[in-house]
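Before I ask anything, let me first share the structure, which is written out below as structure tokens.
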Amino acid sequence: MPARPVVKRLPARRGLFAGFKGNVDAITIGLKYLVDPKRITLIYPNEYIKLDPGYRGFIVLEPKKCINCSSCARICPAAAMRMIRRMEEDPKTGKKKMKLWPVINYQRCIFCGYCVDVCPTEALYTVPYHDIVYENMAEMDWGLETFVKPPEYPTAKEGIPVKYIVDEEKGLVKVRAEEGEEE
Amino acid sequence: MSVWVYGEQKSELGLEGTITRKIEEDLYEVFIGPQHPGSGHMRIIIRIDGDIIVEADPDMGYVHRTMEKLAEGREWIKNVPLFERMAIQDACNVTVSYIIALERILDIEPPPRAKYLRTLLCEINRIAAHLYGFGIFGVFIGHSTMYMWSFADREVMVELAERLTGARLTHSYPIPGGARKDIPQDFPQAARKAVRYFRRRLEEYRKIFLDNPVTRKRLEGVGIIPKKIAAELGVVGPVARASGIKYDARLAEPYDAYDEVEFEVPVFEEGDALARAWVKFEEIKQSLRIIEQAVDWLERHPREAPIHDRFWAKSPPLWKKVFEAEGRVKLLPLMANMKLPPGRAMARSETARGEIIYYVESDGKSTPYRVRIVSPSARNAIVFKYIAPGYKVMDLPTIYGSIDYFPPEADR
Amino acid sequence: MEGNGGNGGRVYVGNLDKSAKKAKQLVMGKLRIGKAVDWATAFSLWPVHLTTSCCGCEFAATWSPRFDAEQHGALPWVGARQTNMILIEGTVTKKMACAVRVTWEQMPSPKFAIAMGACAIDGGIFYNSYNIVRPWEIIPVDVYIPGCPPRPEAVARAIIELQRKIRKQRVVSKWIEEGWRPDKEYVKPKEDPCSWWRG
Amino acid sequence: MAGIIDLILSIIFYPPIYQLVLVGLTGSLVVVIFIIWFERKATARVQRRLGPYHIAPRLAGLPQLVADLIRYAFQEVIIPRTADRELFVLAPIVATVLSILPIAVVPLTSNPAYWPIPMDYSILVALALTTVSPIFLIVAGWASNNKFSIIGGVREAFVITAYEMIAIMSILSASAAVLTFNLVEIVEAQRIWYILLNPIAFLAAFLSVLMATSGFPFEIPESENEVVAGPFTEYSGLLYGLNMGAAYMKRFAFSILMVLVFLGGWSPYTPGEGILSGYLIPSLIVVAKAAILMMIFSLTRSIYGRFRLDQALEGAWRLVFPMAVLGFGLALLEAYLGVM
Amino acid sequence: MDLAQARKIVEEALSGIEARVEEGRGFIEFIVSKENLVEAASRLKKAGFDHVKSLTVVDYKAEGKFKIVYYVSSYLNEDLAGVIVGIGTEVPRDNPKMPTLVYVWRSAEFQEREVFEFFGIDFEDHPDLRLLLLTPQVAEKRPLRKDFIVKEEPIIRTTPPTG
């Protein structure tokens, strides 16, 4: 049986001076970190994390690739991606034809990435940033025009890109994104 | 009104002979309400006599988001992100047993690579959820450094999960038949570094939190649940294992890769808040061992699509191209409204707070006929009513934090 | 002028609101206090400790050492009386709506609200649940953050946008002059969210 | 015209007013703002994060406390209908004023011209005045007629029984060692600082002052997790600002007393004649030492959790009280051997 | 300990009571009549099943009945821990009343309160049968019954997007 239960006992209180030694341990740890805090804070507006392209951020549509099959609307768990009817005349035949275009509503989108994974022609792709906020609700219910181009990203204008790498000694270390050398 | 009260002095024969005594009415009733730092998203109505709690009644339901009713209206795969919102700190542990139940109805077995990927993410989430539990526990007993340190180190595990799946908390990673993404190239090296960092860091946690005389005095001997009462109340996870019950869902019914990885299940006997903290502390060490073994296995074995052939054999060439390029498994459009054969299945998995159980019944349509979820915190809520009476008012946050009670998961 | 002394006692006070208005003109007009108050309130937005739903995890991560929203001066505080911002994290159910509305009314006046997460905007993945209330139906919301849960930087971005909005539109100094926030109309919930409690 | 300036100057430098207004109010306000900023930054450092920063990046966030104070000043003050109005408003104001009072009777120089009151019983008067302000915390708790604040007020009463005896005994041990109640003589007798001669009494005083001003291991009256903000749950706006300031001002008053008794007051500098060297510099030295002592007090916030109420009382009576008695015995021994 | 062994143990524990056995993937359940449910439950408790893992109620609207099953397992007896056994009964839809099992398994108390408010099943002499999760107005509609419909939104969108 690979997993087996192991019964353990709590470390017993080591006599009268346990309290004193415990206090001394806690204070030395506290002072050790007071002297050298090993900070991992992201100074947000001046720096921002440049996420790797796989990150599930805002979603953008490429109209040329889209074959209007509405499978992305069918799989959306939050009914955020829905289809709207758009009367378009076919350039070759000139006839008026009603097509279904996907339209996303960020008031409900949960960024699960199902629509990107299910699209048969990879017409939807995710943009690797997420921190955009709105002051009135209407701006979040996107029409087709805003859905086709990536949303403008205010943080990129204000800060320098930074990346976090996992490190043995400090846990996370901030590293400048482009050159990758030590921050 | 007569109230079921039993505290320290109850009889040995468990609960059949519960002592009921009339409560005089002039007790001081305090609402530890939804807007209160001592209780999460719920209200605990306590009647106190001076500083002693005489009766505690949890008033739950403030985060009841009707998961079971919505699940009956949604297709099978749409329920994965829905059930994940119960406890988004360990998203993988909460949804993996729903997926196992679906696979039992479909009668398919995910490929071994998918099993190891799921176990890897489940263990990363378990450590993140335990550290979240320590953080909130630190806030409840006023130790803000514990909150900050455990959340700082939780970011290491969240960073690993973000590299693996592309999202910080809500990965909705398991899908019927496998997992959605394979590990990126530099992942094994980063994971090993994180494991070595945690092994050194846990020593400092013990010094400033578990062995700190103030915290130790606050936790020892508080909220004691004897072994017989724990079995009678049906408590789960670290709360049961701290009272001597040798039970873990990964031990009782091993799922995914848990029957191939080597790990221990820590069990303590004292049953008080300190034992519960130590159970979680030891479980983090065991999860680090599992992560190391899973990463070694994944590195040794070739990279092939971590999904069952039923969804991968017939997929168009674009699927294979995207998997080679990004390691991402695309879903077949038929998965949106896939029909399951009629059948009933039950599956359980061990989340950081305890064991979650899904009962799934399908009648052949594309939406489930009935999904019944019993989450760990729902089964731990009974601790407030039967264990809190008899202790002091300042022990209520200690008991609340030690059983790691999370209302969104308890109210479903 | 004789004022009511509450329970029986008599307290002699001058005409309080007339002198208060004169003092307000003096303070706001000549001494340009308005800009300083906007600057001070912008840099000390203390969110009340009310976790409404599972976005609370990212609220806690936002104040964790890695994203540390305390660098913007925001310190999550305990009671509703001492704070001036409410951060609605995620879904608000029918029971929690009463708690949110009562907390909102307990908070002292120049107060702001941030709706965090798709559930707090339009119900997110629980859009058609029978137990859900949209937060903008019960309290006036200033900033919306999409995402489920949004990244901690998105919450920090919301705090920064709120700070800029307070300082650019001089929200607090307008509040001192008019006595209520002109930029946000008063939101009266259609049916009383606490009816289940009083019933 | 010159007469008026001399009049104003003499009023300002008339010792009791100077001490109460300048060192008491403005001095403690400046020190309190600095200490709260230091506490938030030091706790942030231990917790591997940044603390207040963006308000003034070059000054590392120093004006953050000024911003908090202005925000509290201009926030709406809510007086609940169910509260007892007059007491509700009076309690924080009186608590703040009373917590500064001990500074008014404490000598800040050995030059007799600048003693606020005759000094021969000064240590008794100062210690007596420190026991007055906690009563108004209980009144604040009772007046706001809210369950949490009543529990908080009752807890404040419990904690008083624990620390008051210990604080008085440990600080009085200095007068036992020097056989005088005159603070100036105590300061002058300290060629070696009293902290080195009697560290046990210093430790007992340190712990009891932590308990008096709800420092971290003993933060019980305002402990957030049971009683939201203790006696100040219903207070908002400037009244809450006063309450929060009162706790830190009491700590400032206690630390000035401890500086005079344990750390040799103005010891390296012997005050000469005239306003500048006789009064201004020694009081600056004493205030600086008090600030350093308060910085050490505020480090406990990041290391310790909270004691339970009964554990704090038991710890105080079973551990800290014998320490104070031991310190007093040691002081008597030193008096007998004539060490000081 | 797989399901077959568990079935033998339970059958010889419930020797007197006639029970319909149904198998599912990962569990096995015994449906007994309402009268001898309490008797069957206390026998199971003596056999070693000491806590309720999940109390599941399924609303079969077509046959007009609720199926209420207590899925129990064991903590103290290690080899019974690996298996989940259901003991349940069927109750007509119109006036669902059944005896409570709180005195046999205390861990079922909160789940019975929850079933009471979602399905309206009245448990006789339950010590503390109050609402647990829902507000009174919502609880009157008995939300988890099949006749309470939650409408889904169509894929094609009629309202034009505003952004």
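Miscellaneous remarks
Per-chain residue numbering starts at 1, and chain names A, B, C, D and E are given in the order in which the chains are listed.
In this section, a contact is a pair of C-beta atoms (placed from the backbone, for glycine too) under 8 Å apart; a residue touches a chain by one contact, two chains touch by 3 or more.
The shown structure was predicted, so the numbers you read here are calculated from the model rather than taken from an experiment.
Between chain D and chain E, the least number of touching-chain steps is 2. The chains that touch chain A as well as chain B are C, D, E. Ranked by how far their CA centres sit from the centre of chain C, the chains are topped by E.
By number of C-beta pairs in contact, the leading pair of chains is A-B. When every chain is reduced to the mean of its C-alpha atoms, the one closest to the centre of the whole protein set is B. Averaging C-alpha coordinates per chain places the centre of chain C 44 Å away from that of chain E. For the pair chain A and chain D, the distance between C-alpha centroids works out to 48 Å. Per-chain Cα centroids separate chain B from chain C by 33 Å.
Centre-to-centre, using mean CA coordinates, chain B is 23 Å away from chain E. In chain B, the residues that touch at least two other chains are 36-37, 61, 64, 66, 69-70, 73-74, 81-82, 145, 148-149, 152, 155, 170, 208, 212, 246. Each of the following residues of chain C touches two or more other chains: 49, 64-66, 68, 71-72, 78, 95, 125, 127-131, 148, 151. The set of chain E residues that touch two or more partner chains comprises 134-135, 143, 148, 150, 152-153. In terms of which chains touch, the assembly is arranged in some other way, matching none of the line, ring, star or all-to-all patterns.
If you check each pair of chains against the touch rule, the ones that pass are A-B, A-C, A-D, A-E, B-C, B-D, B-E, C-D, C-E. Every residue of chain A that touches chain C in the complex is listed here, in rising order: 39-45, 48-49, 77-80, 105-111, 130-137, 140, 154-155, 172. Interface residues of chain B facing chain C in the complex, by the touch rule stated above, are 33-37, 40-41, 61-66, 69-70, 73, 81-82, 85-89, 132, 135-136, 147-149, 151-152, 154-155, 158, 168-170, 408. Every residue of chain E that touches chain C in the complex is listed here, in rising order: 134-138, 141, 143, 148, 150-153.
Contact residues on chain A toward chain B in their complex (touch as defined above): 1-11, 13, 18-19, 22-23, 25-26, 29-30, 40, 51-52, 54-56, 69, 71, 74-75, 77-78, 110-114, 117-118, 120-122, 126, 164-172.
Those residues of chain E whose C-beta lies close enough to touch chain B in the complex are 24-27, 50-59, 71, 73, 75-76, 78, 81-82, 84, 103, 105-111, 127-128, 131-135, 143-144, 148, 150, 152.
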